[in-house]
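Across the two complexes that follow, chain A remains constant while its partner is chain B and subsequently chain C.
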Partner chain A sequence: MGVTIKNKTIKGFIYIFLILLAILCVVPFFLMIINSTRSGNEIMTGFSFFPGGSLAENWKVVSENLDIFRGMLNSLFIAVCSTILCSYFSALTAYGLAFYKFRGAKLIFGVMLVFMMVPAQLSLLGFYDLCNNLKITNTYIPLIVPSIATPAVVFFLRQYVLSVLPKAVLEAPRIDGASEIKIFHKIVLPIMAPGIATMAIGTFIGSWNSYLIPLVLLSKQELLTLPVMIGSLQSVTDIASNAGATYLAVAISVIPILIVFAFCSKYIISSISAGSVKE
Partner chain B sequence: MKLKRIFTAILAGTMALSMAACGGNTDSTTGSADGEAAKPEKLVVWTLAEDLKDFAAHYTEKTGIDVEVNVIAPADYPTKLNTSLGSQSDEVDIIVGEPQMLPDFFDAGYFADLSEFDSAAQEKLVPYIYEAGKDSNGTLRALSYQVTAGSVIYRLDLAEEVFGTSDPEEIGKLFSSYDAILDTAAKLKEKGYCIFGDTGALRWFANANTPWVKDGKLQVTEDSLGYFDTAVELYQKEYVAFAPEWSAAWYASMAGELPVNAGWTALEDIEEGTPTTQIFSYIMPSWGAVTIRDNAQDNIGNFGVCEGISSFFGGGTFIGVNEYSKNKEAAKDFVEFCTLNEETSEWWIDESNGDIVSMKSVLEANKDYENPAFGNQKTYEFFMKQAENIDYSLITRYDTEIGNAFGTAIVAVQNGEKDKETALKEFYTTVKATYPEIEVPEA
Partner chain C sequence: MEKKKGRTLARNNSKARERWGFYFCLPFVITFLIFSVYPVLRTLYMSFTDYKGYGQENFVWFDNYTRAFKDPLFWDAFVNTLKMWGLNIVLQLGLALLLTIIFSDIKYRMRGLSLFRALFYLPNLIACTSVAFLFKTLLDWKFGSFNQILMQLGIISEPVNWLGYANTAQIVVAVIGAWMWFGNSFIMLMAGVQGINREYYEAAAIDGAGRWKTFFSITMPLLKPIMIYVAITSLIGGLQLFDIPYLMSGGKGDPSRSLFTAVFYLFNMGFKNRQMGYAAALAFVLFVIIAICSAVVFKLTNRKEKK
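Then we have the complex of A and B:
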């Protein structure tokens, strides 16, 4: 009897703790959505848990000053392209590094580990210089193509493929005479899919939220990505009228991320523990 | 197996999407490429505010030359400019800067020499604009179409009630020194009014007669210490309404009564029956006068402008030409059109609904205009005089940071957290840490 009560209290505490954590996570999002319906003045003077009546006005400011759907499409295009490129080529590299024995494989892997430690901001000036000399500023090439080489993803996928893919699986197609690239496409890629999906989500979100590099490389208003576009909203009207509008634009901009998560989180979570041999 | 199907579906879906997006994108690039071929002289502007969009449209209308205006948030502007012009990019033809950004941009060599406009600028523009546009060697590199001269903006009805006059000359005397301001505040308090929303209003006068930094030394003078002591006294005697600039209560005060001690609280959250007061004056640059006009509601026409301890200015957009631009001549023409053209200046007054322009002749032409929002006062004449009195040699590149640090010190004393000596000592340390090259007094 005493034990159940004790268990119940402990459980109760755990639940309270978890509920508090959940509130902590949800409240900022909730406030953002609430703030998108309030006027700039109201926002600057404190927070409230009840929606205000300025949604229409905020929307007017946003739609008059920004082509927000254009920005969303731009961001989506960049994020989708770089996610696909990053996933495919990282998987290819990771598989190669994990299963082929060649001279310098270890060295290459070591170099990649070192590059993982270098923050992207550090190379910004040089990167801009390069793009400027190649005349590819104001295009999406410098935002998409470099994602082919993403050391962090390669590192993760290499460890992943080593753990899910027994070497024996590769021997059967080799005996049957499949080419190496076909083995990769038909056998390895599907087995690696859960790991790739996990990384892809991260890459997508990273690209979607990326601010500094698009800010520096893109100037034409019609090319701007969503975060940069929202940043420029701050300079179009005085702060009192644009705070609400900025919240509204940010709220709109997280919708795609929420959708991606809502649909894919099940696969991310289930995939991390999934094995390969059963398939 | 199921996973594989889902993965393929996602891939196919994203690919289809990307194709669609890609199609849209190619269309727009080819479109602009055609435009460029037909009109080689397309100018690209990177700016901080929407203003230049109107100028660009006006310019295109007059000359047929396309101008592409890209608005960049002020916080990001230096990053963007430093990165691209640091690499000597010719992406942009016309660049801008706020006064506090200009010295660094000039030193970095981003702004092209505009010496050819030197004599015209000196002759046509308000002196401080001409001074602000020169680099440390005296070469003209940027110009502005507007002046942002400041003023004390005061309530006419309260002036009549408390001081028996609302004449700008007379009211100006009430703000002519820190002692006068304290007297004025005491008289207003007797009638239940507050002199300012918040003591920060006085910050514009901290470097009234001496620059913050002179010959590499930090100058803490009677002006800045006067600001310090006055701000503390106004605060401790509750002569101000404790409604900080840009707070809801501050906005509300423009239309009439506001609750005492509102701070940043939302108006609807303030208990009923809280005593109310009215704010007598605001100290702001000319764009602040527009803010007041737009928030005055029924109180419109009930304001006057007068001079404070000294003339000052705040903000403003200065236009220049990218040193590395391929269209330098065309870009210079655009700068000339925006800043040195009487017709544009006259047009901008209408278009902007009352911005104060930098062209002397246009200010002169408008000086008899009686502004109904300010009790039919001749505001152009007033701001012209203020702008002419601004001593640009008082401005240094350190002003923003030093001003903020000084403000922090004042707040610490107001709250009773520190005494004056400690606060000043910390202020010196902050300045020294931010700008090691500046010599600070040993406190």
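Then we have the complex of A and C:
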């Protein structure tokens, strides 16, 4: 009896700890949303749990100085294209590596593994120089096309296709004379779909949030992605001098992800879990 | 004769078929060579020249590297990076491990794993730029909500300039890093725990092993590969720390250069000072350090297992 009471108290404390930690994760976003509805002066004088009435005013400041929806569309376009390319070509490569024996397969796989360990900053300068020489800075090509070759995704999907696709499945259509690429499209791709979806979520979020590469490559105002736009907030004096407008601009950049997360959190989390178990 | 002919035909057929694997890999290979392999080799070559990002480049052998080893600003930036990463990883992995212990405990059977997991992961989804700006505004010396709340609660009597001192600014960056990443580590560790065969726990329970004994003799050893993975990926990511310090200090690295990280310094060198060759050498110095650190972490964690 005594033991269960003691256990219950401990359990209660653990829940309190967990709830406090959860609050800590959410509170900055809560403050952000509250403050984005208050005027700069209100924010300076003190903190409040209740929204103020300056949302429209703040929005006026933000919209006059920053084409934030343009940035959002740009980011969305890049993220969607990258995700589609990455998903399709990674699946194709993974299937090619897993189910065919050809010369060079081991080499491709080995080089891929080595490059998974290479930190991104190692290629940053060379990548910038390459884009400069190809005259593709201030285009979306260097932000989208390289996603065709994403070693980590290929690595995961290779393991995945080996575990979900029995070799025997391929025999019947081969006897029927179906071409290899048709077999991939009609049979392999649908079977791989859950694994691809898991990786696609991660690719999308990574691309949506990416900062350093677009910062280096894009300078034309109308091409800027959302993170780069938010990163330049400080130089927009009208917004930087008004805390309410700053909060609102950041809030607008965060809210789409919060909405997506509310609906897909389960898939997003399974995508990370998959990333760890692959090891 | 007939039979033999048929066999070679079949073999040719199968060879032709296997070649499809190569065709399937071709788009990947071409893109990979252009956008991944070439840039790394180009950076390596650049590091032996005095390239400025345009115009002529002259081969200078190891000049950039000797300069890197003697550059106190780079090593200060590196030490800053290590400090911030060190505090960050202790908080991040510690918290993640604590949460894993809590949620994997058979006796307590805590509820709400998926809800808590989602909430803990939330900060990781937000773009670094938004996180940096949010905290910069919240931590503002005079008008930030954070100081206002602390003052209302009576914890501090006058506003603290969190981003005004070297030490507090570094702590702030480390804590933000931990805040962003502990949920991610927790999910990974938890996925590892869920992959552990239930039978081990049942056997331990039958043998009368207590909670801590079960944790240290079963959960921990089986989680080790994932912990090493988390630690190494965090090391690789952490030594490349850039976005948050860059944005929090408005691209300046202040107070008193404490927010300068290695990659931040490299970035300024290459893209602001236009010393591409030198920046490329810094990138490779950093890469070698990261590789050595990863190897050491890997070795150390593996050796314990043998004992």
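Heads up, the rule we're going with is that the second predicted complex is superposed on the first by the 206 of 279 C-alpha atoms of A that agree within 3 Å, B and C clash if a C-alpha of one lies under 4 Å from a C-alpha of the other, contacts with A are read in each partner's own complex, and residues count from 1 in each chain.
Basically, a residue touches a chain if its C-beta (ideal position, glycine included) is under 8 Å from a C-beta of that chain, and two chains touch if they have at least 3 such contacts.
What you see is a predicted model, and the numbers here were worked out from it, not measured in a lab.
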Touching partner for A:124 - first (chain B), second (chain C), both, neither: both
Per-residue contact with chain A, leading partner among chain C and chain B: C
Contacts of A:172 with chain B and chain C, given as first, second, both or neither: neither
Touched partner set for A:231, first chain B, second chain C, both or neither: both
Which superposed partner A:42 touches (first chain B, second chain C, both, neither): first
Contacts of A:222 with chain B and chain C, given as first, second, both or neither: first
Which superposed partner A:116 touches (first chain B, second chain C, both, neither): neither
Shared chain A surface residues [contacts with chain B and with chain C]: 44, 46, 124-125, 128-129, 132, 212, 216, 231, 233-234, 274, 279
Residues of chain A that touch chain C when the two form their complex: 7, 10-11, 14-15, 18, 21-22, 24-26, 28-29, 31-32, 35, 43-44, 46-47, 89-90, 92-93, 95-97, 99-105, 108, 111-112, 115, 117-130, 132, 142, 145-146, 148-149, 151, 154, 174, 180-181, 184, 205, 208-209, 211-212, 216, 226-228, 230-231, 233-234, 243, 246-247, 250, 253-254, 257-258, 261, 265-266, 268-269, 272-277, 279
Chain B-facing residues of chain A, complex: 41-42, 44-46, 48, 73-74, 76-77, 80-81, 83-84, 124-125, 128-129, 132, 137-140, 190, 193-194, 196-197, 212, 215-216, 219-222, 231-240, 267, 271, 274, 279
Chain C residues within the chain A interface of the complex: 17-25, 27-29, 31-32, 34-44, 46, 51, 53, 95, 99, 102, 107-108, 110, 112, 114, 116-123, 125-130, 132-135, 137-138, 140, 142-143, 145, 148-149, 152, 179, 183-184, 187-192, 194-195, 225-226, 229-230, 236, 239-240, 242-243, 247, 250, 263, 266-267, 270-271, 276, 279-280, 283-284, 286-287, 290-291, 294
Interface residues, chain B side, partner chain A - complex: 1, 3-4, 6-7, 11, 14-15, 17-18, 21-22, 24-25, 28-29, 32, 44, 46, 48-50, 68, 70-76, 79-80, 83-84, 86-87, 89, 91-92, 246-249, 251, 264-267, 269, 291
